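Consider the two complexes below, in which subunit A is the common component and subunit B and subunit C are the respective partners.
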Partner chain A sequence: MFRLISKRLFSALAVMFVVSLITFMVLKWIPGDPAQLILGTEATPESLEALRTSMGLNLPWTAQYARWLGNLLQGDWGTSYLFGENVRTLILQRLPVTFSLTLFSMILAVCFSAGLGIVSALFQGSWIDRLSRSLMQLGAAIPAFWLGMIFMILFAAQLHWFPVTGYTPPAEGISAYLHSLALPSIILAIGESGVLIRLFRSSMLSALNQDFMQSAQIKGLPRTTAILKYALRSAMIAPITVIGSQTAKLFGGTVIIETIFALPGIGRLLLTSVEQRDIQLLQGIVLFITLMVVLFNFITDMLVIAANPLIRMESGGNEV
Partner chain B sequence: MIPSLLDVRHCSVMDARGQALIHDVSLSVRESECIGIIGESGSGKTMTARALLGLLSEDLKLQAEAMILGGQDLLTLSPKARRQVISSTIGFVPQNTVAYLHPLIRIRNQITDGYLAQGLGTPKEALVKAEQLLASVGIQDPQRVLNNYPGELSGGMRQRVNIAMALMCDPQLILADEPTTALDPIVQKQVTELFFQLHQTRHVALLMISHNLNLLRKYCDRIVVMYAGQIVEAGPTAEVYDYPQHPYTQALISVIPQLDQDPNLPLAEIPGFVPEKDRDRTSCLFADRCRLCTPECRQPLTIQEETAHFVRCRNAEGV
Partner chain C sequence: MKKHSSLLPGLLLVALILAMCLISFFWLPMDPNKMDTANRFALPTFSHWLGTDQFGRDVLSRVMIASRSALLVGLGSVSVGTAAGLLLGSLAAMAGPRLQALIMRIIDGFMAFPGILLAMMLVAVLGKGLINSVIAIGIFMIPSFSRLVYSMILENKTRLYVKAARSYGCRSGQIVISHIFPDMLPRLITQFSSAVGGAILTESSLSFLGLGIQPPSASWGLMLSEARQFVLSYPFLAVAPGAVLLVAALGFNLVGDGLNDRLVKRGSR
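== the complex of A and B ==
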């Protein structure tokens, strides 16, 4: 058990290291001189040289990488050329938006898909099963930006149920905060639901066909108990993994929705940093998103281990 | 006369196209009696058990004159009441020991839940009972096994747990469907002996499905021979085994390899296959494979029922 966790932890660290190295090298190789970018085309060669020296740009890349990594580990993520502020501060400022958006859309997606997927498995072939299958297709086929604009026109501009764009922090009122995130969360949730409904439905169906369901019936368990205790218990394992990776994906993948709804999240910050060639900021964001993905995958792994005693047994079964 | 615990009369199961899977099966088990059902793969043994347990899949159709279990006709009950009668009267031991126990739930939580659902006692009493039963089926360390997941147990152990689980609600009848098939020979013998030991000490009736005639002969009071979804012969063990009347039963007995037979001779076999179609026809189903087949065998067959030794063959002596 402990060995398994430390193994996963080690591989997470390895991923972080490799990603940081790749990010650093790619951004090093793309054309463009950061010193020139900061000082502009009018700068004298002497001042450019001075800046390069102070930023360490004339050192070999290995030394630059070591310096960057060293600073990173001490909490110094570098300074954004564009904003003139600490990269970490910039990211942390925008974190609540992306975090809330990811959280709400995953909660919505999971509740909706679990409900619909399980009910369609229980009533296979009924109208609700056919409806959920149509929704699955639609959810997977409709692009988020298009749905975003339609929802914006319908529910915000015409019906005035939600604000059209912008983000209200929770400090200015919980209701306004939830309202400002409702539409984008729903749209992201719809996008994630297609896969999840299908997965909940199929894993529930396969659980219902297992012998232990007959065992439950012969033992005289009521049907609802059999479904809740026996079928759901095995049907939830597969979705956990997918929910974990979807959450991780949303963390770095809400750029379009954040742009459409003018939400000041990490996705928008990423886009800005790319557009403005803000290398330090870009490096920081990429690494942060990687960190989040690795973290969520690690949490998912732990949840799967907690939910599935078979995995616990396979790895070092001596403590059982 | 000991009253019948289970009485199935003229039970048939049809698939969605109306094709018969088992046809006109009548079976009765008296209290604390031990009955063996034997037949090749595909003879309808398991289907008969599933029909009894109410486990037929929804696209199959059950037809029967009566299915009386513990004094109540299952066919007249609501699905819920039927399940209740079945679960409180029958303990089932399955063939497949891998997925019958839920792989993600500790033994303690699945061995006791039927007992609790039927309101037979408190959780504490259920655990005490489970521990006693596990010990009585030969598990050395019941406390530990209760805390195990099924995957941590060997096949033989899992089958013992299944047997203990089947006994939790004090059933009057144990229905075992090839309970030793997935086990290695030594464990097979242990588990088989356990069954008959339980049958004797607890006076519980036993309906054992098997394709091992030698095993059934040793323990059962009566033997039922199934072929292609029909019962072809049924009677007291000694009579069926020593004086088999139906050519199929005779063939089954003749193909059992003997220890003293010449190892150079090929093993005996019954030529041909079990028919899949027209299992509900009234003429003999075994005719195509029967060495005694006559033209009359293709005609509809009238069978005498309610005899101690039932044979579905026109050429049988004394029928």
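== the complex of A and C ==
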């Protein structure tokens, strides 16, 4: 098991390295001179040259990359020229919004899809199975920004159940905080549910066909007990991986919903940095999001290892 | 087993969008860019079937003309992704272990960029606009196609017919092109169709964020972004572009699913 974990850890680090290289190289191609961008068009050639030297822009790209990576590892994420502030501070300020949004929508999506997926597996071919199939298709195709607007008109403007836009931090009241994130979370959850319903359904179906279900039946267990005790537990393992990677992807995909509901999260910061070509900020955000993705996937892998007795037992020495 | 239920409705929806695009080349109800300030935010009438927008432009004409850019970006970017994915995936699968590991690590790296993050980053570099959207979304599509091609070739590489081809002197490139490719085709077509749905949604997302197609050109995402500013006073403005977008994405997804049921699942059994 130790070997497996260290192998996963190594591949996570390798991916992170490649990601940092891609981010660095891609953003290196942005046309224009960063020094000019910072100092403006009226800067003297001497001051431009001085800034270029101090930013290391005259070094070969390998040296620039090494320097950038070194700074990152020491916690220096650079300064946003747009905000004039430390990139790390800017990101951390906006983290709670995006984090809560991701968390709530994944909780909603998992509960909803697990319920619907398992029920449609138990009653395969029934109306609820067909209904969940249609919902799956619709959930995958409906544009989040359109659904966002519809919900906003319906539940916020007409029914006044939720605020139209804006974010209330939890410090100003838990109820207001939950209210401000409810609609965006529901919309994100609908988008994520399509894949998850399908997954829970097929996972439950295969659990129901396992030998242990048959032996439970042979030894006389009522079907309900067998389903509750064995099938459900077995059906929960397979989706873990996908839930993990979906959570990670969602974390980087909140920009549209944050834009619609005017939530001050990382997605909005990302959009601003793209629009204004604030390279240091963009680099920081992209790396932060991908770091989260890799971290989430790693944690998920570990959870799967912990949940799967077959893998755990391999640590007994007879590795495959 | 149920019959292939999603192929027919999917094809119908796709045909609807294709027809709209084709008709837009011959006939539009009105000039999509003609402003009529006296007639802003009009509800549907006989002269404006879907009403008018904030500049008094005819919504139906704009929805129709936007289908061109949606299909161009959708089909164009996925073609880019498929072509590059085929090349990279087969290169990785047929190359030696070193090159294989290198290519796959890079692809893993690209896979770590979630959602439209990669597309947004590429827009920051390339700039906004239609052609850049095609390139950005095309690059965004490469990793998943490369992975698919790579795994399909690896699956086939040990099969008897490939060994046979190799034994009578077939070279790697030729094996992939003339022997493995026909076997990959069903799954590639399936993936292509689903990816077009995704690409159309990504294009409209980029346009919605103001990073894709620029005004005064029409794009469903852009129209929705404009509608958003007036959504509380004139909600009707958001109905048509969103509905058409849903039809397009749903259509291509359903076709992908239907093809999957028909070509892939049946073929493997």
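We adopt the following convention: the second predicted complex is superposed on the first by the 311 of 320 C-alpha atoms of A that agree within 3 Å, B and C clash if a C-alpha of one lies under 4 Å from a C-alpha of the other, contacts with A are read in each partner's own complex, and residues count from 1 in each chain.
Basically, contacts are C-beta pairs under 8 Å (C-beta built on N, C-alpha and C of every residue); 3 or more make two chains touch, one makes a residue touch a chain.
Here the structure is a predicted model, which is why all the values come from computation and not from measurement.
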Clash or fit, subunit B versus subunit C on superposed subunit A: fit
Does subunit A have more residues touched by subunit B or by subunit C? C
If we overlay the two complexes on their shared chain A, which of subunit B and subunit C does A:92 touch? Say first, second, both or neither. neither
For A:260, decide between first (touching subunit B), second (touching subunit C), both and neither. second
With the two structures laid over each other on chain A, which partner does A:250 touch: subunit B (first), subunit C (second), both, or neither? second
Contacts for A:308 in the overlay, against subunit B (first) and subunit C (second): which applies, first, second, both or neither? first
Contacts for A:218 in the overlay, against subunit B (first) and subunit C (second): which applies, first, second, both or neither? first
Arrangement angle, subunit B at one end, subunit C at the other, subunit A at the vertex (C-alpha, nearest 10°): 90
Would you sort A:14 into first (subunit B), second (subunit C), both or neither based on which partner it touches? second
Of the partners subunit B and subunit C, which touch A:141 in the superposed model: first, second, both, neither? second
After lining up the shared chain so the two structures overlap, which partner does A:111 touch, if you call subunit B first and subunit C second: first, second, both or neither? neither
Quick check for you: in the superposed arrangement, does A:274 touch first (subunit B), second (subunit C), both or neither? second
Just the number, please: smallest Cα separation between subunit B and subunit C in the overlaid arrangement, in Å. 14
Of all residues in subunit B, which touch subunit A in the complex? 53-55, 83-84, 86-88, 90, 92, 94, 96, 98-105, 110, 113-114, 117-118, 148-149, 151-152, 165, 168-169
Contacts from subunit A onto subunit C in the complex sit at residues 11, 14-16, 18-19, 21-23, 26-27, 29-30, 125, 137-138, 140-146, 149-150, 152-153, 157, 164, 248-253, 255-256, 259-260, 270-271, 273-275, 277, 282, 286, 289-290, 293-294
Note: in the complex, subunit A contacts subunit B through residues 210-212, 214-222, 225, 229-230, 233-234, 237, 307-310, 313, 317, 320
Seen from subunit C, its contact residues with subunit A in the complex are 2, 6, 105-106, 108-110, 112-117, 120-125, 197, 201, 204-205, 208-211, 221, 224-225, 227-228, 231-232, 235, 238, 241-242, 245-246, 249-250, 253-254, 257
